[in-house]
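Each remark here refers to the structure printed beneath this line.
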Amino acid sequence: GGGGAAVEQAAENPIAVEQVPDYYPAEYAQLIAGSKAEGGTLTIYSNTDQENWAPVFRDFQKKYPWVADIQANNLDSDEVFQRVLSEQATGGSPADILVSNAAQAWAEYAQQPERLLAYQSPELSKLTDFAQVLPNVYTMATDPMTIAYNTSLLERAPESLADLAAMARQDPAKFQDKITTRDVNGAFGFTVSSAFTQAAPDSWADLETLLPMARPETSSGTQTEKILAGEYVAGFFISGAPAYPVVDNSGGLFQVAFPKDGTVVLPRGIGITPKAPHANTAKLFLDFVLSQEGQRAVAEGGLTAYRPDVTAAPGLRTHQEVVDAVGAENVIVAEYQLTPEDQVKAFVGRWDGLLAR
Amino acid sequence: MPEVTVGQLHKKFGSTTVLREIDFTIRDGEFFTLLGPSGCGKSTTLNCIAGLERPTGGRIAVGDTVFVDSAAGTFRTPEERNLGMVFQSYALWPHLSIAANLAVPLKIRKTGKEEQARRITEALDKVGLAHLKDRYPHQLSGGQQQRVALARALVYSPSVLLLDEPLSNLDAKLREQARAWLKRLQTDLGITTVYVTHDQDEALALSDRIAVLSEGDLLQVGSPHEIYERPAAAAVAAFVGRCNFLRGKVESRDGGRAVIRLEAGGAVVRVASDTAVTAGQEVTVAIRPEKFEVGPANRPADAANLLRTQILTRSYVGSRYEYDVRLGKQVVQVESTEPGLSGEVGLAFAPESALLYPDAALPSEDAEELLTLQV
Amino acid sequence: MPETLTETRPPVEPPLPAPRYRRLLGARRELWAQYAVLAFLAVLVLAPVVPTLIQSVLDRPLYEAGGIFTPDNYVRLFTEAGFGKVVLNTALFAVGTTVLTLLIAVPMAVLVVRTKLPFGRVFAGAMQWPFFISSLILGFGWITLYGPAGFVSTAVRDWLGFVPWNLYSIPGMAITEAVALAPIAYVFCANALRKSDASLESAAQVCGARPLRVLFTVVVPMLRPPMVYSSILVFSMSVETLSVPLLYGQPVGISVFSTFLYTNGLQSIDPDYGVLGAASTLILLVTVGLVAVQAKLLKNAQRFVSVRGKATRPRRLELGRLKWIGVAAISVYVVFGALLPIGGLVFRSFTKVFTPLQNPFQTLTTANYDRVFGFAAYVQSIWNSLLVAGIGALVVSFLAVLAVLVSKRSTFRHRKLVEYLALAPQAIPGIIIGIGLFWAFAYLPFGLGGLVQGTLVALIIGFGLRALPSGFGSIAPSVLQLGQELDNAARVSGADWVRTFTSVLGRLLTPAFAGAVILTFVTMLKEYSPAIFLASADSNIIGTTMLELWVQGNTGSVAALATVQIAITAAFVGLAGLLMKGRTDA
Amino acid sequence: MPEVTVGQLHKKFGSTTVLREIDFTIRDGEFFTLLGPSGCGKSTTLNCIAGLERPTGGRIAVGDTVFVDSAAGTFRTPEERNLGMVFQSYALWPHLSIAANLAVPLKIRKTGKEEQARRITEALDKVGLAHLKDRYPHQLSGGQQQRVALARALVYSPSVLLLDEPLSNLDAKLREQARAWLKRLQTDLGITTVYVTHDQDEALALSDRIAVLSEGDLLQVGSPHEIYERPAAAAVAAFVGRCNFLRGKVESRDGGRAVIRLEAGGAVVRVASDTAVTAGQEVTVAIRPEKFEVGPANRPADAANLLRTQILTRSYVGSRYEYDVRLGKQVVQVESTEPGLSGEVGLAFAPESALLYPDAALPSEDAEELLTLQV
């Protein structure tokens, strides 16, 4: 949810029209020419919301004016891949670019050959280490998993999961069934939760306190809404993107905190399909998204920019904020790797076992 | 058993008046029929007696218990009146077996089990259907359903029996037989009965007395014979039995007879009449088909009233023939046992066998159209 | 014997020749028309079913080459952890919903139609409001009011110290769903009651029965057919409904068939299409079974129809003081069931945050609407909904009219089959229609599928298929009311089957058609489950956009969209109502 | 105009046979009636002629154009047969004015505008409703609607006119007049007419010839007079006109007469019969009410057949009286002009005026029940 823009208007994003940074290779001109030849359309399958895209498209089209028509299919996180696969299976797919934050699905998709267009982005050098989560899959934005809480029910901000657990132990009645977390049967929930427990194994102790009091939800929307309503006192692993605007809207009633004992950051992967009808434009877009201009737009759209040279500002969220808040060592970047069936079962089993239901 | 008195009964639906000051008294044990064309207010009258409709004015009492008295503002609901009623559609409860149907009113009256059983079998015996008590309505023929409905109305031996066209859903043949049967049953039971029908044959055959209604007015109350032989109004004559209406003008009177020139054919006829008619007055002469005596056209006219006519069609109605004959532009119906009549014939009738009505009363628009020749 | 006694015969007119009708390949054109309808329906209905069945016995997603047939999916389904629980929950939920629906609908129908009730007309209308809102919206509404932290709940807690109910439970789900579905049962019962022979009640009264007794000995028992019919319908609807179980059940771990499909199909870590197919097939079987049951229960239906004599004016029973209880009951249903939740939703749409913890008036805003109308994609989705519902309603109603005419008004050999086909989609859950059609399009020859896939056409087909039964159901009775003799007369006077219904009787069908258009429009406007699979970025509809916004947490915008949808529906229904009235007066 | 031939007509609905080998030929210009109790297959027969039903077997032809021939597999759809038909409910198209209703068949036949206008006015004139051409059906009375329906069936001057109980929706009174009117109209037009009714009076009065159906079998075809006076089967006698059925056993024969001991009352009677009955055989004696001569019970029995009976009820039926009398446990109906009969009476009848049926034929279950006394 990119309500952020709605509240504090970020400054105008300066765009160098048809200008690419000097560190781009010379032959990049051909790419641009090629894109012009493709007739200025681009089709994206993503699980990213229109509002998040809006500034990105705006600026991309400002930079490459001939790209008149950008279709961004908004699908469910894995549906992105199911859709493209089934379309490829039954005669060509219109999709040029895939964008999703479903790590597992990405991994599974990418493990087969011939499913992504091999492309080395010139921006790579300017980015952090996790800019490339898989071969040819780049990080477009990051999404920190926060602890969200209702300030009228929780006098002080929980520092960390441990802190939250401590509060819960103090006053179990108050927290019973009043904590929410993400359903780990869903891809998103699984990824972030398992990433966390892998990075911070001893936090299971806290989870053993929290989970029996927690209720799993299938969407951030439901979580934020219910925390706001007071149905939940607090929730952990609440995706930042949807949470930020609520913070802005709620006039202080709803707050988020980055858990100090480990803040999972989920990269949003972007890649180009092998038989992309508009391969050149797709490449331009990929590079743009990773460029400083692009990242600025990404942030403006309500997602979290991770490019170091993009600085936070009112209405602009950056990965740096998270790092500053919890320290680099406590930032857990979820990895794009396929978890074997049995491990999934084991983890989900343990997790659900702890849940109160 | 008590007698039913209906006084000054008046009913309006919204602004349309459906019943106007109806007055009659039904004697104890009498078979009393409300007769009239469709829409004349028969059912409404009956429903007022049953309590299904609330009269706008008037008084209804059975014996000395008052059902309705608009003056005193008393009104008994149907369930408090203890009457028996049979509807045109029989209104058997389709989800209940015959026995169960009959049991309902008894259960309501908290009758004991064996008493119930006894009454049910008795009632079904009366209508000769004891053997079907466990069937469901839809498993019975129309005639049987109609009798079950009657049994249900009788099973709690109500004070008065109300019947609203109970036979009209049976086919012609069965209706005749059911009619005779019903007559016998009522005579046996001797229960006061109010019967609604628009079928004059039925009314004549069944009733001790008939009340003829027309458009909410009570035209005449009398025995079938009176109604048929001395209808109080042209409308009654028209509705009960078949009747020819000949319009004419009074030329003069001699004694108890009026001399009238008929419009159709222009013949002059003499008609006995006690009603005072004056020369020059428009009148209607009513003659029933069987009152004509058919003979050769050329006959000494002095004998009796004679009408010269041509035969149009002949129909056989079982043991008798019906002729349509042409008198001027009008069609006249004649009944005769002679099969072979054709061409010109003379219709003779006695002054006493014709009826005279001062008003130029005529049958319905429909009938009018049907009785005038286009050519 | 020849009775012509007067020889005045007019010159006999030369008889006009009988009209000639061209034949195509020796078959009359009506036959072509009828077969066309049959074929079209067959394709339409089989399209989603066949792929589902195939998938259910295939060892890998349909789109992956080299699939092998195997029963494993079923084995996996039944051995799936907690599947037994799912079945149990579903059964409880569905049965509960059905029972509650009847408990609400039947008494209300009786009260409104058969008794003298103050504001009877108003209630008659109000009873149907919940029908116009998708249970998704109703679910939202209910949570904001009766959820653990809902406005009403908090109010009650402040007052009693505790909340005597728990919305996030099977009963809670059942009640919400029942409130949403009650109108359907209500309509069935109300129609039956209006038709029933009033003299049945008069008879009971004359026999000495007081009004209440009349109700219980005569009126209610006669309602069996509509009750059976509507409960079957409600049951299958509650088996497939997604929204309420998703909103209420998921957090507390109550999962039913539909949520099971949803999570395993769309959300799971790696979706198992095989199991998905198997489960879908299972639901299909259940619903088909139900239809069979219904046939059995209504076998000797004559036991519930009365011999009709001359049409008797229905007389309403006078309940006396009892009627106020009735009034109260209906008011509670309408106010707490529909009015308040909707009101809450509308209010929500004008606030930034909506929580009992903060006076909502502090945060009044139109931002939610700005967002909805600010983004082309969202505006588009509203237009799409209108297009889909509008065009769809016309097409479906037309198809339904054809189907009714063929199945009820022709000597077509396969007319029964046509009827079954038209009613079959009732037994196909929306999600399954979505998945099924998705594959069906994928397999269309010459890449035709590509043209349809993800476009509004796909949605119109999917939604239309869903709406077809209700269209058929609403037209059939009014067509049956036209005496068969009317078309016989047309046939004898020289019109062939086609012409009979196009030129001669066409006008008589229009009210029925219009009625169907209204009904199907409303159903298609609130429909969304098939779209989860069929929609794409440029063919999003209100329903999918709402889910999307909800997932992103823009609850305010969800409320805004819901409000827009309700407004549209209300406007349309109101307008149509006026038009219809105009018609019937003429 | 052509004649209508129906041969070996056979119709099944599913497994139930509704018509069995029906054979008859309708002469040119004839008024032919299908008569029978409800459900006997009249409408089905008519619909087969009209083409609304497809017979399971048999052949129907008008003149030399074959409508149906199951053998040859030919079948003409209704619209190709060019017949005129009137339905029980008139089936006027409610959304079209009278004129428009009549225009439809003409439009279909691509008739010119003025030709249309001419035919419409003409047809409406025939039924005397030209003045109502711009009204809508619901603005007409039942009788008028019925005539409009007739006009619509005549307007394209079809070869044959089919009528399915066209009068049964009119109320009793109007029906009689409409009947006579219809008769005259058909006589004038001289159009071949097939008429369906379950009302025997109607059938007798209207028809040139009558075909009596019963449960899908054709019992008899003949003129009204034949049907009434010499019914071919007990069922016919039972259905056409009222008739008493007395069961008995043949004791002996003398000449053309059978000597029979009656079950009810046990009297011995002589009945003329050409059918060969042998002593000891179960038979049914059928006597119409008006064939009895009512007199004192104590009368020299030798004179003619004499039955001793008691009077049960009397009904006045307009100019005549109907008595129900008891003969043993059975009810016998007697017609007489004498009003005052009561108590014991003797019924005499001539051997020739009774009918003898070898089979122990009896009326319907319903009728049976209605005619036996419970007490």
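Some observations on this one:
Per-chain residue numbering starts at 1, and chain names A, B, C and D are given in the order in which the chains are listed.
The rule is short, and it goes like this: a contact is a pair of C-beta atoms (placed from the backbone, for glycine too) under 8 Å apart; a residue touches a chain by one contact, two chains touch by 3 or more.
The chain lineup, named per UniProt: B, D = ABC-type quaternary amine transporter; C = ABC transmembrane type-1 domain-containing protein.
These figures come from a predicted structure and were not determined experimentally.
Chain pairs A-C and B-C differ in how many C-beta pairs they share in contact, with the greater number at A-C.
Each chain gets one centre point, the mean of its Cα atoms, and the points for chain B and chain D are 25 Å apart.
Separating the CA-averaged centres of chain A and chain D is a span of 89 Å. Chain centres here are Cα means. That of chain A falls 39 Å from that of chain C.
In terms of their C-alpha centroids, the spacing between chain B and chain C amounts to 52 Å. Within chain B, residues 312-313, 315, 375 each touch two or more of the remaining chains. Annotation for chain A: no residues touch two or more other chains. Counting partners per residue, chain C has 3, 6, 8 as the residues that reach two or more other chains.
Applying the touch definition to all chain combinations yields A-C, B-C, B-D, C-D.
Residue ranges on chain C touching chain A, taken from their complex, read 61-65, 144, 147-150, 154, 246-247, 250-253, 263, 266-271, 352-358, 362-363, 367, 370-371, 375, 377-378, 438-439, 442-443, 447, 449-450, 453-454, 532, 536-538, 540, 548-556. Partner chain C is touched in their complex by these residues of chain D: 1, 29, 31, 47, 50-52, 54, 77-85, 87-89, 91-95, 104-106, 108-111, 119, 122, 152-153, 156-159, 162, 183, 187-190, 208, 223. Of all the residues in chain A, the ones that touch chain C in their complex are 1, 3, 6, 49-51, 54, 71-79, 82, 85-87, 89-92, 104-105, 108, 150, 152-153, 177, 180, 183, 185-187, 190, 215-226, 228-231, 241-243, 245-246, 249-251, 253-254, 344, 355, 357. Contact residues of chain C toward chain D in the complex are 1-4, 6, 8-10, 12-21, 28, 411, 483, 485-486, 488-496, 499, 504-505, 507-508. Listed in rising order, the residues of chain D touching chain B in the complex are 37-38, 125-126, 128-129, 141, 143-144, 171-174, 176-178, 180-181, 183-184, 187-188, 198-201, 204-206, 223-225, 228, 238-242, 288, 290, 312-313, 315-319, 322, 324, 331, 333, 339, 363-367, 369-375.
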